[in-house]
Each structure stands twice: as structure tokens, then as C-alpha cells.
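One chain, chain A, links the two complexes that follow: it is found with chain B in the first and with chain C in the second.
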Partner chain A sequence: MAEAVDSMCEEKIMHKEVAIIGSGIAGLSLAHELSCLGIGSAIIDRQAVAGGQAAGFACKATDSCQRCGACIVHDYVSKVTIDDMIEPLLSCHILDSSRTSAGFELLLNEVPARIDQAKCSGCGICKKVCPSPGAIRINPYTGSFFIEYSECLLARGFSCSVCEQACFDDAISISSESVPKKVEALAIAIATGFEPFDATIKKRFGYGRIPGVITSLDLENLFRSGYFQNMGSENSFSSIAFVQCVGSRDIKIGRNYCSRVCCGYAMRSARLLKFMFPSIKVTMFFMDLQTFDRDFEDRVMAASREVDLIRGIPSEIKLGASGKPEVVYNDNDDEVRVEEFDMVTLSVGMGPTTPHIGGYLGFIGANSGNYGDGSFGNPDPTTTGVFRAGSANGPRTIQESIEHAAHVACEIDRYLCKIKSGVDVE
Partner chain B sequence: MNSRNTKSIFLNKPEFSDDRLDRSALIIGDDWVGEEIAIRLSLMGLEVTLVSGLTDYENHGSETDLLLDSLDGRVGQFRATIVKQDQSLNKDFGFVVAAQSAIKEARFNAYGLKKVPRVFSISEFEQLVEKGDPLPERKNEWYHAAFIDDLTGDSSPETFRQFLAVLERLKAIEKLQPYVFTRYLKVAGFGLEKRYRELRRQGVIFFKFDDGAPTFKNESGLWKICFTDPLLKRDFELTPDIIVVDEKLSPQTPPGCLNRLVWSEISTPYLQSESPRFTGVLTSRVGLFAVGPSRGVFDRNMILQDVDGVELEIRKILAKTMPALGRIPVVDKSKCAFCLTCVRLCPHGAITFFDRAEISKSSCLGCGICIAECPMKAISYVNNPENHFIVGLHHDESKILSEYTGKIALFLCSRSAAQAFKSIQFIVDEDVVVVEVNCAGSIESHHILKAFKSGAKAVLVGGCFRGNCASVYGNILCENRVDLVGSGFENPVSEKKQGLSSLGINPERIRFVPTASNTPNILLKAISDIKRKIKGL
Partner chain C sequence: MTRINLNELDPSFKFKVASSRGGEGLQSCYACKACTAACPIEKTVKRYDPRKIIRMALLGMKKELLESDFIWLCSSCYSCSEVCPQDVRFTDVIYAIKNLASSEACAPSGLSAQKGLLKDHGRLYEVSDFENEKRTKLGLPPIVEHPEDYERLL
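After this line comes the complex of A and B, so read on.
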């Protein structure tokens, strides 16, 4: 198969010093820092729009900024977009990867952008006529539309060209073929981020079964979509619970680590909700609060005045008689209590990604960096030339991912200097 | 708002030139953090000077310590006065790195304990164990060691890491029972949870208290710990052989001259401003970097990352690969009236003053606060008022009239509101006209009035949320100006309040809306709100 692709894409070999896999905040900031050092890179992502998961997070500002960092992603997207040293290869799937004498070779399959962003006037007619919800989405940076091919009927073997016929701007050509591509690079950076814990695994919390039980990522979406802002005054949204450590610090499911970020984001969300609905009752179930240093005074002290902090993770979440979730927990006096909430947010932990990048890198992807063993930047001789940035290396906040990317950029620079000066790094 | 000592600005002759970029660095803080950075920067070929992070000799400084007495200037050419006892030396540096290590303060007092021979702070005890010194004598067959970590709840994972390392080494001692008394286990560091679980499996007993923390009683020279087991709800007393107490980590007070450089009145005691726009080691002053504790980071691994961060930022400046900003304000010297407003208000310390104000191209981030604040209108973007705006508001009056009549004028900060607007540009009704500025801090009252004069039916100013401005307080200055235009200010001569209403314009027609790049909904709502409001007027 590799040879077949090889012959097809001979014309389209791209040479870059570094291939970055993942266009999240770590990948974007890494590309930017490398570019500042004069090192060119290609950012490969299967998504059609850069930004990764961080771009989907909501701003947590109340009347002032809570330092969540989600807004910074936009800055990096615009920095990378205008940078000639950086080649974004979006909507690209990695078919195979191999090590060569010169470095690495990645075989890609590029799903073409079926909507020409330059022609799209953002009228939204395509989204209105599209029979598959979620297939046509708004680009958060430009306001124009793009097709998420995995959701498109064509990807599922149907024939459909409704959007193409409807478009007033002739911006859509739905039948475009995918293009094979090949990237040659001296070093590879894995910036594939994290996999949020699948909350349905914890059956006792009833996620997906009990209405009102959501994950912290669902809550982000509710914030972003303006769900709370548009909530009418007739809606009696008066209580919310946060359940921490869902898929973290849990040896039974093999997660012998703290996800580090959840206490911070739960407290930010709690304060934002408190700001939106001053009379709301916020309860937080936790094991140990992981906020400290600079954050402590602003967040823990403020939150402890506004939020009921209850130590101990609930034993169960049931469907109450009124159709709302009921949380069964032991209160601070160790009495079993059952309490009804309008909404329960499960603060899902971060897990390693298993990027499907095949061949040589498929093997590296199995090693989960800081998630399992807690090692820090141990260079493994078999992976010389492969680097991990951001949350692909261990749970990190947005700011920490940017800082880690700067560190990895320096490491890559030192590595490239070594191999260019002919030192045998093997 | 200002405590900057402006005197030194007069004394310094204008030796600054934008071409000068000294390849030398001053590192403040001479223990391991400073040394790591010194080694790295010397490898880069920079001439490095290390001074102590102490502010004076009274604070347990030794006589060989170099102290920083004063610091001024800008990237490429900072001027420092370094003192050693009664000698002093003036020296210029291209870059300054604040790398003071954390202050470790044992919490004896917080717990009501006193420092006696069998009571240690964690750092003391760590040294004792590392040296292999024998522990204080046993009182019984079993040796009881009590570790008090984070009963206050605000300890750092770095301290917990220290406790874990010590506990791991005590495993080798037979018949020793360690107890850990804590509020929150700070496991938010890589690998800590795993190590904690392993120790618990090996028999270390952890007590976690919410309220009713243990009390300490001194009985004939020995400390007794009285506590209620949080799980068994039973009272216990323990007279351990040793007690080890945690330490509060806090940043060292930077020398006053450093504080003045970076507006730390706003972010005390850290050198890095609260705004998340200052990522990594960046501070509001170009060429001055904050490492580790001085920016609120205590984790050893992250401090080591900061060393790379400093190398990267310095290389960026040396290679001049910083993205071209292109919007550097210049001073019209014939208009400058020596008032120093710009010098005092520049959040990046980019303006110096000799015979007239001078703006450094290398330090300026182009926010335009000086342009808006200059009472003489002596400052502008490259002498061309049109450059004030990335998008919109032409100087050509006729054009303005046709563009603004009957519309809502949106003045948007390029870092927040303008980005948010892009994602809703196709949804918003077409009766808006967009004016994009680099920072909301550059929007002046007369820009707003001009929009009204040109027929705009309302003006919406979109800036960053408080604490999110890339120029520290540009958003606050802008909000104040909008307030001033809306509600007016008292004219000292006529003693009348002069605001929009005195011009016959309802103040409801103007609003400042704080927003972020990822909150287009807030902007959208503000636009529809103001539209609805003016319909009713």
C-alpha cells in the first residue's frame, strides 16, 4: 500500500525540518516557537480547523479574567496562519510512518476542503439544507463554513450534493477526491493532546443515562453555545454539583495519576455560574483540592466562600422522581445523604491519546509519556528524533502546554544542530 | 496609579539607541535557578553577571554577595548599579532575568508549634536524611515520625514531593512508623499520586483533616499531637519522636528597582502580570524575564523548562525574528511638552525622556496607550493618523460620513473583540461599521465623538476582560474613557457636567463591553442590546 501511495504522490513530497502531529495549542505554539528559531514545520491534523480541544473551551471570565487561557488559542492560530515557515496540513490522516536514513517519512491522505474559504460568504444556506447535523460547521476564526467530512453523508457512502446546489457563492465542490501526500522531516513532534475520560465507563454516575448528568466538556459546550446566557428567567436553574476525579486518581481503571487541571477548571466554572446566577447553589465533591501558589488566594479562598466543598466522591447518581439527578454521598459528618441537583457535572480526567499514526510511530504512540509512569522527558533511544509536546506528554493546562512547547522547541533545535553537525545520535 | 521613580529618567543621558543590543545578561538570584540560567546563557555566548536576589545585607546576606541597587533602561541596554558592601559599579546589560528562588518559611507558628530539637522543617530534615545523619534517639521500641504537610490547604505539590522523597528514604529504617497529617494531598505534580499510593501501601499512615485540624501541646519539652481520626471519629494522642513541618513557598520580594520596571503594583508579589497574555517567562517589559517563583511557579521541572524559555526568548530578540509589529508610535518633538504622561503610563516601559519623549522601537509593543493619553496629541502611529486603525475610521471626513450614518460603530481590540467579531461577521446585521485597533487602550474620546459626529447611531467599544489585557491596563484606561464620554465630567470653568447628553446624545448610545476572542456570543448580545435600546430612544 505504501508503494502505491508513493507512486501516486511523487510530485507532492513536502520537506520540512519538523513534522508536528496535532494542531492543538501545543502544536501551534511549538510551530510558532520553531519558526522563531528559523526552523520550518508542517502541522498535521485530521481536523479541518486548527486549534484542537483548547479552541473548544469556553471563556471563564466573570467580570474579570480567570486566567484559563482559552482565548490565547486564537492568537496562536492567527500567528501560525500568517507564518510562511509553517505549513498547515489540515484534514490530513496519517496512513503510515517510517524511519529513513534522513529522518522520517509520513504518508498522508488529505481530505480536500470542500468549501472554498475564500469564496464562502458565510450565508449559512449549506448548513440549513444539509441533511446530516454536524457535517457543516462554522469556522470559529473566520465565521465561514467548512465540512467535517467524517459527519458528511458522502463519507458514509451515500450520494448527496444538496449543499453544492444550494450554495450561492459556488464555493462548494463536494465531489473533490482525496489527495495523497508525503512529508519528509528530520524530527517529529507528537502534540496529539489528551483523550478525555469516557464517563460512561463509570456506570454508577449515570452519564448518558440520567438527564442532567453531563461532563465538564459538555459544560464547556453549554457555556460556548450561550445556553446559560439565553436561559429565561422562567427556568429554575438553582443547583449544580461538580464531581471531581472522574477518571483520575483511580487505580481500578489504571489511572494512577492526578489530571492536574480539573480542580482549577471546576472552580472557574463554579465561579462563572455563580456570577451568572448569584443565587445558585454550587456543590463540589472532591478528594483533595489541587490549587496552590498563585491560584490559591484568588480561587480557593473565593470559591470556599461561594461553593459548598464536600470531601468524598459520591457513591452513586440516581434518577430522581422529578426526573433530575440525585446524588448519593457521605456528607462532611459522614452521614449518607441523597440530594437532588438540576445539573451534575463530572470533571472528567485527561488520558493519553492513542494516535492512529501507523507504522513506526504507531509503536511510539503506545508509550503514554507522563500519564502512566510519571517520568519526565526521559529520552528513549528507540525514539530519537521523536518529541512529545503539551498534554501528549502529561496532563497540562493551556499555559503549561505553551511553556512546554517552548521547552520542546529548544530540545528540537539542539537535536537538529546535532544531526546537522554530523554527530551520530543513534 | 504610579509609583515609578521618574527622577532617574532625567539623570540618564540618552545613550539608548535602537541599534544597540548588548550580548550580556544580568541574572538576579544566585542559587541553582540562577546558575542554571547562567550556564545556559554563557553557552549561547552571552556575557553573564550573577547578583544575589537579596534586597539588602541585613537579610542574612554574606559579605561577598553582589546586590542590585538600581536598574533602568530597556531591552538591549539595561543600566544596572551593582553594589558590593560599600563599592558600587554601573554596568549595561542586554537582558535581565529575575531568577530568585522561593522563600521557604516553615509553618511552626501557623500550627502553634515551636522550633525545638525534635521539631524540624522539611528542608532541614531533608538535609539531615541526605547527609545520613542519625535521627534523634528513640523513646520506645517503635519510632514514631509525624509529618505535618499542608494543614492550611495552600501548600505546593513541590513541598509534597519533598515529603515523598524523605518518606521513601525512611523506608530503610526498621520499626519506624511515619504519619502524615494533611488537609489536601497536593498530588498535582507528575508521578506524585503513584508515589503517594505506593507509600500508603507500604504502611505510611495518612490523616486528612477538613475542620478540626490536630492541635499541638507541649508537655515537658515533648510535643504531643491531639487529633480526632477523621474516619474513625475517635480522639487520639500521639507523642512522636520527631515532627517534620512543611514550608510555605513564596516568591522573594524583588529588589524595588525591578518592581518599578514591570508594574508589579498590579501583580504583587510576582513580576509577571496577572494577564494570561504573558505566557512563559515574558513580563510586560521586553527583555526582562521572570523565571520560576518570581512568576508563581515552584515545580522544579517547570523551572527547568523556564530556562529553555529564557534561551528561546533571548534568541528571538537577538535574531530579530519577533513578528514585525509595524505599528510603533513616534513622538512629534515640536508638540511634546515634557509632561511625562506617556513615560508614566507606558505599560512596557518603552518610553524614555531626555529633551523630549522617545519611544524605543525594540521595547514598544504598539498598544497606543501613549497616543491616547498624550494631552498634546504629540504621539501618533508613524506620523499618520490613519495608521491608528487596523481596519476602519479613515481620516477622510467625507468617507466617514457615508460609512457611519445610521450605523453602530464597533471599536474593537485586535486581541479579543475583533477576533470574536470575525466569527460572527456573517450573522451580525449589516448596519455596523468596524474599527479595529491594536489595543483598546488606544481608543480616544475624540474617536468616539467623531463616530457620533459622522452620524453613527451608537458606539460599542469592545476590549479585553479585566486582567486579560496584553498591555496590562489598556482595557481599564479605555473603559474609563468610555465612561467619561458617556457620563461626562465637570467642566472646571462652567461647572457643568459635559458628556454626551450635553451634546444632545443619549449616553445609552455608548457602551464598553468586555469580551474575549472566544466569546462572540457576548459581543453579539451587546450589539443586539444596544440596537434594541436605541430603537426605544
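After this line comes the complex of A and C, so read on.
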């Protein structure tokens, strides 16, 4: 297979010093830091738009900034876009990877349906004509559209070019076959981020079964889509509960670690909702509040005046008689209560994506690691030249991912100096 | 609020519970209260609070726990073990505590009376002529007690 691709794309081999897998906040900030050190990189992502999961988060500012970090992603996307040292390879799937004498070789496959972001004027005609709902999406940064290939009919083996014919800007290119690409790099950085916990696994919380039970990522989407903003004043939305540690600190599902971000985002979301609807009742069920931010104590104190903080995880969420979720919990006065809420948000934890990437990054092999086991992130003879940045290396917030990426950039710089000169620079 | 006298606590008690059969999970408790919210006994008897019992054991409140009446209230429904994210298996922990209480001769008097009944009659109720007469009227065979079966089980 490698030979076939070689002959097809001899002129398309891209040489970069570092290949970064994942264009989330860790990948973007790593590319930026490397560029500052004079190291060129290629960012590979299967998504058509850079930004990763953090790009889908909503700003949590009330009347003042709550330092959630969601806006930083926008800054990094624009920094990376204008940087000549960084080559974004979006809409690209990694087919195969191998270790060569010079470093690494990655074989990519660019999906055959693309919208040229520079040409797209954002008229939206493609979205209107597209027969597959969800295939054409709007880029939150630029207002232009992009194709989510996994939803596209082409990905399912159909032949369709309706959007290409409808486009006024000539921005859409639908080709019959995908374009292979090859990247050669001296080092590889894995910045594939995290996988949110599948809340349906915790059956007693009724996610996917009881209407009104949502995950924190669903809540982000509601914020972004303007669901709360468009509710109007005569809505019946009067209570919301947050249940912490769903899929974190849970030995039974093999995740005996804290996800580090949930207390922060639940607290910010709770305060934002309280700011939007001053009369609603916001309740937060927690085990203990983890304080990782430097001003977290102040935020907890401020939130405790607005939010009912209940130390205790509910035993179950039931479907109430009125069709709303009912939470069974033991309150701060040791009374068992069954309380009905309009909405219950499960603060889902972070899990590793490495089991998935192990498939195409064969050379990492069995050492793909997992959150919580000590081997993760440690240098290993079989993975020399492979680095992990951001939450691919353990649960991290946006700020922590940026900090970690800067640290990894220095490590990569040292590694490159070493392999180029043969001298270990301390 | 009751005051706890630290001088009267037994710091080794938690290790004693954790090393007895069933008590292994005691020290992994995060005090998340899910067990208390799920417990059917706690709903009617406020004194029986699984989370508090675990805290008492961890603090070393040996005397208060072993001499209490509430540790005997557990109905062994395993609801607490079901919801526990840390796999503490509280039902087994309470069994370990009850075993320790028995070995310290703190078991309630009713329990030893029940034990005596089992020993003498092989069941928790004595089968008298009254029951057997009733059974004969209903056309059922009389019950003969076999206390030796129980002895053999022990």
C-alpha cells in the first residue's frame, strides 16, 4: 500500500520537523510554540475546522469574565492560520504510519468533499440543498461552511455533488476519490485530546432515557445555539441541577481519577445560568470540590451565595410523574429528598482517545497508555520521538493544555537538537 | 452536635475492619453520600447512615460503633454497594463490623436469644403442638424439628 501511495503522490510528500496529530487547543498552541522556536510543523486533523472540542465551548462570562478560556481557542486558530511555519492538514485521515531511519512517515487521506474556506461567502445554499442533515456545518469562527465528512453521503458510498453544483462561489470541490498525502517528520506529537464519558453507561442517572437529563457537553451546545437566550421571559424554566463526577473517580468503570475540569465548568455554567435567569434554583451535587484554578476558592465562595451546593451524589434519577427528571439525594441536613428539576446536567468526565489512535499509530503499539497509569507520557525506547501534549496525556483544562503544550515544545526542541547534532542538550 | 474526644478513639480500628473479611473497601470511601441516598433503612431510621458509619470506623470510634444498636439494622439489600462509585461494598463492611461486635460480646441480647432458638430447635420459632394440631386439621404433615441439621451447618 505504501508503494502505491508513493507512486501516486511523489510530488506531494511534505517534509516537516514535527507532525502534530489533532488541531485542538493543545495541537494549536504546540504548533505556535514550536514556530516561536523556529520549528516547522504540520497539524493533521480529520475535522474540517481547527479548534477541536474546545471550539465548541461557550463563553461563560456573566457581567465579568469567568476565565473559562473558551475564547483563547479563537486566538490560537487565527495565530496558526497566518503562520507560514505551520501547515494545517485538515479533513485528513491517517491511513498508516511507520518509523524510518530519518524519523516518521505518515500516510494521509484527504477526504474528497471539501469547501475552500477562503472562497466560501457563507450564503448557506449548500446547507439548504444537502440531502444529509448535519453534513454541512457552519464554522463558528469565520461564518463559512464546512463538510463533516462522516455525515456526508459520499462517506456512505453514495455519489452526490448537489452542494458543488449549487455553490455560487465555486468553493466546493467534490472529487470521485480521496487524495492521498504523505508527511515526513522527525518527531510526532499526539494532541488528540480526550473522549467525553458516555453517560449512558451510568444507567441510574437515566441519560438518554429521561427527558431533561443532559450532559455538560449538551449544555455547552444549548448555550451556543442560543437555547437559553431565546427562551423569553415567560418560560417555565425554573430549576436546574448539576451532578458532578459522572464518569470520574469511579473505580467500577475503571476511571479512578479526577477529570480536573468538571467542578470548574459546572460552577461557571451554574453562575452563568443564575446570571441569565436570576429567579431560577440552581443545585449542584458534588463529592468534594476540586480546586485547581488559583482563584477557585473565591469562585466557590461567590457561587455558594447563588447556588445550592449539596455535598452528596444522588443515588438515582427517576422519571417523575410530570415527565421531568426527579433526583433522589440526601441533603445537607441528612434528609432523603426526591426533588424534581426542569433539567439535570451530568458533568461527564474525560477519558483517553488513545485506544482509537493506537490503530493507525501502530508503532506506539501496546504502550498507547491510558489515563491513570503511570507509564503515560514517560519517555520509552519504543516511542522515542513521540510526544503527547494536552489532554492526550491526562485530563487538562484549556489553560493547562496550553501550558503543557509549551512544555512539550521545549522537550521536542531538545529532542530535535539531539538527533540533529548527536549531542544531548540539557 | 456531639463532641468527639480524640483521646478515646482507637486509630487502629480502621485497619482491624479493613483486614477482616468484607471490610477491605472501607478505606477507599470518598464520602460521596450516594449510599446514604440509596439506603432504604436510612429513610426511616435516621441514626443508620452508611456514610457516617464509615466515617466513624475511619475515625476509630470503636466503642460507639460496636456498642451501638444501629449497626444491626442493615437489611442487606446491597443498594449501597450498587451505587457506590468506589466499590466500597458497604454491606460487606457492615458485616465485618457486626462480626467484630460479636467477637467483642457487643451483640444485642436478642441476637443470642435467636442463636439459642436456632441451636435448640433448628429454626427461629419453636414448633409446638399448637402448630402441628392446626396442620393436621388442614391435612398437612406435622413438622419434626431437626436441630442437629443446624449444628451440622455450623
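What we mean here is this: the second predicted complex is superposed on the first by the 397 of 426 C-alpha atoms of A that agree within 3 Å, B and C clash if a C-alpha of one lies under 4 Å from a C-alpha of the other, contacts with A are read in each partner's own complex, and residues count from 1 in each chain.
The definition used in the following text is that contacts are C-beta pairs under 8 Å (C-beta built on N, C-alpha and C of every residue); 3 or more make two chains touch, one makes a residue touch a chain.
Model, not experiment: these values are computed from the prediction.
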Fit or clash between chain C and chain B when superposed on chain A
clash
Quick check for you: in the superposed arrangement, does A:204 touch first (chain B), second (chain C), both or neither?
second
Touch check for A:37: first (chain B), second (chain C), both, or neither?
first
After the superposition on A, what does A:63 contact: first (chain B), second (chain C), both or neither?
first
Check whether A:336 is in contact with chain B, with chain C, with both or with neither, and answer first, second, both or neither.
second
If we overlay the two complexes on their shared chain A, which of chain B and chain C does A:388 touch? Say first, second, both or neither.
neither
Looking at the overlay, does A:251 come into contact with chain B only (first), chain C only (second), both, or neither?
both
For A:315, decide between first (touching chain B), second (touching chain C), both and neither.
second
Quick check on the superposed pair: does A:181 touch chain B, chain C, both, or neither? Answer first, second, both or neither.
neither
Of chain B and chain C, the partner touching more residues of chain A is B
Between chain B (first) and chain C (second), which, if any, makes contact with A:16: first, second, both or neither?
neither
Where on chain A do the contacts with chain B and the contacts with chain C coincide?
249, 251, 256, 287-288, 311, 334
For chain A, which residues are in contact with chain C within the complex?
204, 245, 249-252, 256, 287-288, 311-316, 328-330, 334, 336
Within the complex, chain A is touched by chain B residues 153-157, 184-195, 197, 208, 210-211, 233, 249, 270, 274-277, 279-280, 296-298, 301-302, 305-306, 308-309, 311-312, 315-316, 319, 321-323, 415-416, 419, 422-427, 464-468, 514, 516-519, 521-522, 525
Contact set on chain C toward chain A in their complex:
28, 30-38, 42-43, 46, 49, 79, 83-87
Note: in the complex, chain A contacts chain B through residues 33, 35-38, 55, 57-59, 61, 63-65, 67-75, 78-79, 121-124, 138-144, 224-226, 229, 249, 251, 256-258, 260, 263, 287-290, 292-294, 296-297, 300, 311, 332, 334, 370, 373-376, 394, 399-400, 402-404, 406-407, 409-411
